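In what follows, subunit A forms one complex with subunit B and a second complex with subunit C.
This part shows the complex of A and B:
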């Protein structure tokens, strides 16, 4: 009797998720498999498959120096941007987790850049970093120019126009805009840590510094894993800021060429849809591998 | 733990799906291989004369709009059309955002405007991919006069002996100079460098010339000095000939010798801004410079002159856009009627009277201020759209050129080698 009831309950459950599940299978899994299929062809967007190429698209991708720059740039961006943004996000989360006056205001203020349109905020950033933009003016007024001169940047340095600084400018922009989101994730994790642990630590004589590094930080492990994973996936998909700041060429000199921008070029500039789908497959594999590695590094993330 | 992995896998799959995009909507075989000619769709069949005034129907027109003035000019031209052909209703669809990308997805879905702008930049790819309807039968059957289109514009939209578009307007690159600092514009490249030497350090100039680190202007100087990108029948690279190399070196030497700077070095968005701000005295731009200067720098005294002649005589390059008709259009006859009006003398005059476009045919009056631009059209060569994959070649040249300038090495060899490698790749 009980078994029948359980089965009915399960059926009801499946019935409830049926519609979104079908949509998910068709729109996500279906299109993914279709992209795998397209990647094996010379594919015309109007006429469909023209010629079966097998793995030739993949061979061409891997031997293209511009794709190699794209991979390098995407990995560089991810390797710098993710830890930087995690650090800022964690710092902000710890700050606004204190019982301070107006903390709701600070939470909202720190999160604010994340809700602004990335296109608008990138354009704003480009204006700020122009040779005669606000950033150069301010560092001049503060007398910081000798410092910048020492590391090779003149008073009117064109931050987005010079291929040595373009990507770092995007990294700083995105660290600023995304740290609010990361703060939110960390805040949720912080609040799941029981106060008992802190009390126990205090009884054992731990100061705030020790309490943070020996209690809070390790207990945030599930939070770290989540944020790092979301960050790496997002980082490897860097696109809109690169397109706006460096056009579809990833200017200057491929410094803003990312994997997704390369894919966009292959599809919409070169009209090479089979090739573009193959780039998508490669990106899929890169992200999948990165996620598996992270999984290994962070081990079991279930809170004890 | 398994659940989490699964979620991650699916997130990654979603990425791929999102990227694979486009393809999802173009199921194989949804549309024929572009074989439907005008003959199949209406009275334009081979041999029968085509009378535009007998056609009726509805046409959608796809256009980009880079300024309100451009919209007004198109409205004026379409008003003229409505008065002359009341049986055809034209609905204008302004494509917002990235026109090229939006149109490509439209081609994929088959839901595409009947007639639309085709920029020279991507015309070869659109012709190759079979997006555009051949116009030869329409032109022949109506007896439409295409002889007065400047070849530097019209040739861009021809492929394999067929015409796929008619230029709606056109621009050539001219020299623009600060008339307070330059009294007589240099007429030869030798005079140009002499003039630049004399301008060093004058007024507020950061550099006498502003040049784009790209073939988008460099091509004109390449041609002017007897060089070329491709051989005569466009089948192989010619960027590695002695003349071509010398021209690239000449262009680099302008920067090396302090005669020119790139907009990035000057801290300007483009060379027009450099001229307007007084950062440079001589720049190379098309007719679009006039509107920008009138708007942003109305007090600057400047004028257009023809691009100085090199050893190969007077040469400049064109930038243009055409009207094309979609292969998948169901209203091709009516779309052609719109096209023959807008690219004919009457429609083009109404369009160019708006002051933002320059006529692409010689039998349309030249709007004030664009005389030099039109003079250049007499001898101009296409500045884009003359080969498929040119955006990649442009990029290869630009990347290598910028590297030479940034690293202050100023050697033509790596630039030429990178450009040739890319040409070989796209031509194969």
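This part shows the complex of A and C:
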């Protein structure tokens, strides 16, 4: 009797997971394996595999100067954007975490830009940052132009149009969009710190500044690790903003060329699918390595 | 405070639910897709009420905190406000530093609604249909899958669940070429097939399964057992008893998937090749490219507003699910 019930339950279980599992196995697992396979071929979109190349695609990728600038740009973006957004997010979380009136509103306000689409945000920022856009107008009206002149940017600087400032503009844009998300991650982490710790610190005579740096900051280590991991992986996948602001070439002067944009370009501009698949494999390895390094650096996050 | 949630990246209690490594396909670079995958149960709803213990300088600190918060909130809102203002300006006025359009005109909106090609109605409809379809598939497949992984015992359950979670570690971009090749060989990169391919590739996310599974795990077994004793089959028990209890998690999945798909850029840009199949984000890319850097701004800003308003409306009414959903994603180990 019991055995029959168990069998029925198992059959019901398989029936329930059948459709989602088939989709995962085909569209996620299957395609991943297929990607490694395609990366070894000269692959034509209509005719399929044309010639077996072994690792030649990879050799060509690594020796292509445009790919080298793509990987430099992606790493530069990640190296600046992640810590910057973490700092802003942490700061906002600490401020919003205080017992003050209206904190729910402010929390919602800070997260607000993250609800809009990357395309809408990027188009909006292109408008704000164009030579006679709001940003340049406001800094002029505030009398900040001499300051910008001193570091080499004229009153009508084209922020996305100049290769020296295009990627930095994307960094600021995405810090603005994502600071609220990082704030929410940090808020979740802050809530795990017991009030007792602060009371003990206060009894020891620690001011708010000391309490933050000596108590809160180190206790947030698991939070830092989580936010940094999510950030680095997302940063290395930078694509939407680069394509919208810099088209598929990552203009100007490849300054917005990222690893994913390079992949997109290989697949849909050059129609070189085998090569594009190989770029995907390289990206996967880069992300995998970055995650492993982070795990080594702060991965032993047993809660204190 | 009640039930402090465990910190992020605490050692996982469930096999393979190591979120920090797993929930990796965030927004970050894209800035749009949420990194959310977590149960929303009680733990997530704990209000943050921990603050450093006050001291004599509390009043001053409070003033500084308010000044900073108001300043940063303005920084968040001004660009959007500027978008709306610009959409009501005339083309020559669009670059002037005026906060009240003078003259105020609907010409930009009229142009956006009547003159764009592909039309805004097409873009909006495509976005709505795809987002609705993906939300429904995630609700249906996520709840049956999540329920089975939470409650039904069958050989291989743990390993299959690990496979589901492992998919979160695969970057979408690695799958770009094989997914395109696969859909192309099935004829799904032409005509209506384009919609089907986007819906299929987004049909079920591990996030939905994970979130619903965690929620089902948190529901006591009594009701379910009572239903089984009354002779209800597995599906009836799931559908009549368990599913209604999971409403909060279903609401969270709805919000996350609808918002994520409405804003989606990567898969649509790969799989939607014809202009009349574009969604709003692709329309924005297309209009931007068509116009270059000196473009007709008021209608473009009107499109930005149109692309943002549905999600903005959802945010106003269901803010809790957005904010707590994201916060919870950092929580559950």
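Everything that follows uses one rule, which is that the second predicted complex is superposed on the first by the 277 of 304 C-alpha atoms of A that agree within 3 Å, B and C clash if a C-alpha of one lies under 4 Å from a C-alpha of the other, contacts with A are read in each partner's own complex, and residues count from 1 in each chain.
Note that a contact is a pair of C-beta atoms (placed from the backbone, for glycine too) under 8 Å apart; a residue touches a chain by one contact, two chains touch by 3 or more.
Computed from a predicted model, the values in this text were never measured in an experiment.
Visitor: Do subunit B and subunit C fit side by side on subunit A after the overlay, or clash?
Guide: These partners clash in the superposed model.
Visitor: Would you check which partner chain A:270 touches, where first means subunit B only, second means subunit C only, and both and neither mean what they say?
Guide: Only subunit B; A:270 stays clear of subunit C.
Visitor: For the overlaid complexes, name the partner, subunit B or subunit C, with more touching residues on subunit A.
Guide: Residues of subunit A touched, subunit B against subunit C: more for C.
Visitor: Should A:184 be classified as contacting the first partner (subunit B), the second (subunit C), both, or neither?
Guide: second
Visitor: Given the touch rule stated above, what does A:235 touch, subunit B (first), subunit C (second), both, or neither?
Guide: Second partner only.
Visitor: Thinking of the overlay built on chain A, is A:153 touched by subunit B (first), by subunit C (second), by both, or by neither?
Guide: After superposing on A, A:153 lies clear of both subunit B and subunit C.
Visitor: With the two complexes superposed on chain A, say which partner A:44 touches: subunit B (first), subunit C (second), both, or neither.
Guide: first
Visitor: Is A:252 touching the first partner subunit B, the second partner subunit C, both, or neither of them?
Guide: A:252 sits against subunit B, while subunit C stays out of touch.
Visitor: Touching A:31 in the superposition: subunit B (first), subunit C (second), both, neither?
Guide: both
Visitor: So, does A:123 touch the first partner subunit B, the second partner subunit C, both, or neither?
Guide: second
Visitor: Between subunit B and subunit C, whom does A:262 touch in the aligned arrangement: first, second, both, or neither?
Guide: Neither partner.
Visitor: What stretch of subunit C clashes with subunit B when the complexes are fitted on chain A: 77-85, 203-211, 239-247 or 275-283?
Guide: 275-283
Visitor: Just which bits of subunit A does subunit B share with subunit C as contact spots?
Guide: After superposing on chain A, subunit A residues 27-29, 31-32, 34-35, 38, 43, 45, 48, 130, 132, 158, 161, 229, 233, 237, 260, 263, 267-268, 273, 276-277, 280-281, 283-284, 287, 291, 295, 301-302 contact both subunit B and subunit C.
Visitor: Using the touch definition up top, name the residues of subunit A that touch subunit B in the complex.
Guide: 27-29, 31-32, 34-35, 38, 43-49, 130-132, 156, 158, 161-164, 229, 233, 237, 249, 251-254, 260, 263, 267-271, 273, 276-277, 279-281, 283-284, 287-288, 291, 295, 300-302
Visitor: Within their complex, state which residues of subunit B touch subunit A.
Guide: Against subunit A, the touching part of subunit B is residues 1, 4-5, 8-17, 19-24, 26-31, 33-34, 98, 100-101, 104-105, 107-108, 110, 122, 125, 129-131, 264-265, 267, 327-328, 389, 391-392, 395, 398-399, 402-403, 406.
Visitor: Sort out for me which residues of subunit C touch subunit A in the complex.
Guide: Residues 1, 4-11, 19-21, 23-32, 34-35, 44, 46, 48-53, 55, 57, 61-62, 65-66, 68-69, 72-73, 75-77, 79-80, 82-83, 86, 95, 97, 141-142, 144-145, 147-149, 152-155, 157, 160, 163-164, 166-167, 170-182, 184, 200-201, 203-204, 206, 209, 233-235, 238, 259, 262-266, 269-270, 280-282, 284-285, 287-289, 293, 297, 300-301, 303-304, 307-308, 311-312, 315, 319, 322-323, 326-331.
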